[in-house]
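You will see chain A twice below: alongside chain B first, and alongside chain C after that.
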Partner chain A sequence: MALPSRFGIRLISPFFVPHRCDSILASKAAQAILRKDIKDVEHVPPLVPGSEIPASYRYIYPDFLALPDIKKRNKLAEKLNRMDMLRRRSVMEIPEFYPGSVLAVTTSDPNAPNKTSRFVGICICRGGNQLLSFMILRNVIDGLGCEIKYDLYNPTIRKIEVLKLERRLDEQLFYLRDAPPEHSTFPFDMEATPHPEGLAVPLNETVVHLNPFPWKTRWELYGFRGFTYDFLPSRKVVRKAKVLAPLEWERFDLMKKYRVQIPLEDQEEMFKDILVHNCGTFEKKRRRR
Partner chain B sequence: MKWGKEFYFSTVLPRLNRITLPQQAKSGIPISSHPRQSTSFNMISRICSARPPTALLHNLLPAEASFFSLASSSSFSTSATLFKIRKLTRMRVVDNSALGQQATAAGKPAKVFHIYNKTSVGGLGDKVMCAIMGQKKRGYIVGVVRRQRDLIPTMDTNNLVLINDDGSPLGTRITVPIPMMLRSKRGDIAKILSIATRFV
Partner chain C sequence: MAQALRALCGAFGSSCRIGNSLGAKLPGPVRTESAISFSGSFVNVDFVRHGGKSHSHRRQVKINPYHILPEIPAVEKTQERLTEENAQFLQQVNADNVSPLKAPPPERKPFTYWTKRTGLICKKIGVIPQWLTNGRRIRCSVVQVIDNHVVSSSAPEEFAKQYNASRYKPKVRNVGCMVVGAESIDPTNLTDDYVKLFEPAGLQPKRKLSKFIVTPDALVQPGTALRATHFRTGDYVDVGAKTIDHGFQGVMKRWKFKGGPATHGATKFHRRPGSIGHGAHNSKVKKGKKMPGFMGGKYQMQRCLQIMRMNRTHDVMYIRGTFPGATNSWCYVFDTVARSKRPLKNPPPMPTHYPEDDVTPHSEETFVPLLFQLDKPTIEFEITEDDLKKVRTGAKTAQKSPSKAPPKAGAKVAGKS
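Then we have the complex of A and B:
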């Protein structure tokens, strides 16, 4: 199967652990903003004062944001990327989901007996940008944890279903690898629970109790909120103090923030296309009715 | 403010354990004079013995926790492991062969000492030679921890299916799911795919 080179092998590990895991989605501001959708534009604050774009778009469509690297920004390339993405979205719907939601993905697979394969799992990570955005699903099958990375705009994906729409306390749930299997076990015939429109996306505040040491990564260093563990005194504990040291100047470093975030004016430009696209699809649906 | 051992004992640890330290411990004066034990270690074990062992790191103030980051001077590496299957990698045998089950029960996993490819880093569907319970056996890699490209599953363990010298599997059943991608491989690996129960 010939795919464009952008869908080729990328062994750069997508499972980096960030330096900080402040959960943006669990913040109160995000909860207020995430009350859905175009219908409630009046209730959702705009992204920039005076614009038509609701602020919830930056949580619902994070894949429309470009890489916030000043050296790599290219407005024309971004625009072309966005057009490609919308073209793909007009064929296959990519629903709203968050890390912590349970998804089912159907792909066409030449090796499968009926040429399609379906995988169900909890989304433990969502990353990348624009056409290269991806998600990682995790499930425990027959006692063995399996994870599959899906490129959202891969043309071999046939269908993405959201079986359970919810959020968690963290935006990356990689620590489920060291959690008991029941936290990431989902049956393949799981039924979808529809999310009532207009309601806020529920925040699942379950706190996972991790297995005893050794872990695959030192999860305790990164400020995750969604797990606990048994604290065992050891020599390693002493070394934590160094790692936990906050760098005080960082909160005053405006340039650093600027380098990490995309300015709101640019975000507005990025989301304008999806707004137009959504309005178009709404009209189409009305006509069908 | 200094972010060192002192800060840890005066600020971080009390919050971890939800206790207030005695004045002696705060000042960092050694409690025990045992030469082999370091002061800090002794202190922690003392503190922890006085309370139930469960503690949350997240009891730290959330605002503060969000500003925590890795100091560049940390004395250990935090880079991700590559999880390559190389020589002397331990593998989990996932078929129901007597040899594999015996090895698992004894806690002596199969140890790879040769990989039949040009890179000598094992991937999905590669044939390996391994030492298991004092015997030399060959097998196929049917699951890897190492990151794969999209649509190909990664597993929590490195999985191996043992084969005989004639290429037929030792067991009669594979107990864990197997990547669908292996069905595109040609050769003797088809024999072990016929005993698989589930594909992912």
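Then we have the complex of A and C:
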């Protein structure tokens, strides 16, 4: 059955969240902020002028931000959630990572022979908020692409290791599904390259050349920067891409920005607890030394 | 409708004025201080547990149940603002207030099969994930008990008088009722009549009021505070709330019909229900046919939900599962009606939990043993003997199969290819 071409836009995979704007992490402001580690608080600009909280917390701990829907927000519930998250963080350390960095996750699994399972892969998405926050790891094993979604605060997770800490040009790398497999294959015995403290998190500016058509979804419509392709199949598709391109007036829509983001005063409240928690852990580490 | 409203007002004393226009519009703020008598009865009939009509999908015409409107109109607010001296005077009056709690409490009675305790007025704060000790993720809806106090309680005899002419009469033979209020508010912005309702209980006026039907052994003194400890962790509760109001909706959203085709010459038939009755025998529309109409905005109950966790400082309960209603909306929590889940062997505090009864100092948070506490070490599964047996047998078969077991025909084909 040949449907008219106007129905082709709906073909979007369930995990994929269309993100038409540029990556926040790869923006110039983010690069300036993420240049130094948390410890050198003096060099990092504060979140709000006059506060102790560094601005880099916005990118390092995005899971502490609540859902920016005004109707669904409740301050007490957010507070209780945060306390739960800190409790879990006191037991298991959740390291700093970004979409694009390579991770290894060991979980306790009742069906595995040793009751543990380990998975290595590139983080292609980091989403959710508070206790619901998750990440998706991707790897190609024996020519088969595997993706696993982990809840960050799931108590069955034993350990999260960062094998390679870096950022990419995009916040979502779902287009690796249509890329050649060498871009998302990582050996399970991959050695960790340690990231020295105080250095900037490197921005990996590799541009992936995608496979020829057909693709899983139409990646070219959403303004990703991290891939190229040879040609588009027909002239109609190109015309449609123009229609779906981000509108110019959206940049000046202040109310839209306000609805999507959480105001800075509220962010300050959310990051206060983790700041206290971090100070405590740093002191502990110093004592051990 | 006029009859219903009259019957409703008859419960609170005959002298209540309604006005001539009895349509969808009610008369404005009726401020008749002398005309209304407050003889222990209560005004609001917002919710009655087992009352209510059968399932009808028509939206009820919105009638404000208060014949006394709580808030002063905005124009009058400015006129009635207090001076400092008056405010001080009011504070003194509040200090000298005679609370009914100074009288000795009534005799306590045990929890039986037939007792029906009060419910609580709560606010649904959110829905969050929690984990069990076996690693399974569950959904818990978080509920806060906001400042609940008993405003009035009436014995079965009084309650029968209130509903003498109404449809509740046969049901309430040996049942009393209690009015509970939640979330106290500033009395300076309210009408005198509304504030007077709370005087006999010695309380601040409340934003939300509702009536609970209880058995006479579970009546609580007016003025007492109801907290989340009215229930315990592990108890099963029923939760009632209003579903999200979607307004008038078509048949695809309301009943999940499939609609019509998008193409192939379909004109004006994309979201329609199709035929609703035809043929020689059924040449009419059957009763209860699914049609477009008002969706949501209805009171519904969800039964048999377990309380997994409780925070005493904030009066917050974590209830396993979900129930209707959006976040930040009101809901009512009761003991379950389900017989198998009623805690007869381990009875709950009767008529409610008093903080004086605590023998041992209570912890801030209580958990069900099945629920994982996030500050405990990570879940690790032990290797049992059965697992070891499986490994051994698996190894044996793996060794034997190439030598002893003859290869099958299918295996050969697979090997060739």
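By our rule, the second predicted complex is superposed on the first by the 259 of 289 C-alpha atoms of A that agree within 3 Å, B and C clash if a C-alpha of one lies under 4 Å from a C-alpha of the other, contacts with A are read in each partner's own complex, and residues count from 1 in each chain.
Keep in mind that, in the parts below, a residue touches a chain if its C-beta (ideal position, glycine included) is under 8 Å from a C-beta of that chain, and two chains touch if they have at least 3 such contacts.
Everything numeric in this text was worked out from a predicted model, so none of it was measured.
By the touch criterion stated above, A:151 is placed in contact with chain B and with chain C alike. Partner contacting the larger number of chain A residues, of chain B and chain C: B. Contacts of A:177 after superposition on the shared chain: chain B is touched, whereas chain C is not. In the superposition on chain A, contact is made by A:109 with both chain B and chain C. When the two complexes are overlaid on their common chain A, residue A:131 makes contact with chain C while staying clear of chain B.
Applying the stated contact rule after C-alpha superposition, one finds that A:72 touches chain C and leaves chain B untouched. In the superposition on chain A, the residues of chain A contacting both chain B and chain C are 7, 109-110, 151, 154, 156. Those residues of chain B lying in contact with chain A across their complex are 3-5, 7-8, 12, 16-17, 38, 40-41, 44-45, 48, 53-58, 62, 64-71, 73-76, 78, 80-81, 94, 143, 147-157, 159, 175-177, 180-181, 183-184, 197-200. By the touch criterion stated above, chain A contacts chain C in their complex at residues 3-4, 7, 71-74, 76-77, 80-81, 84-85, 87-88, 90-92, 108-110, 113-115, 130-132, 151, 153-158.
Residue ranges of chain C in contact with chain A, taken from their complex: 125-126, 128-129, 131, 135, 137, 142, 144, 262-263, 311, 314, 316, 326-328, 372-383, 387, 391. On the chain A side of its complex with chain B, the touching residues are 7-11, 13-17, 19-20, 22, 107, 109-112, 117, 119, 134, 141-151, 154, 156, 177, 216-218, 220-225, 228, 230-233, 235, 237-248, 250-251.
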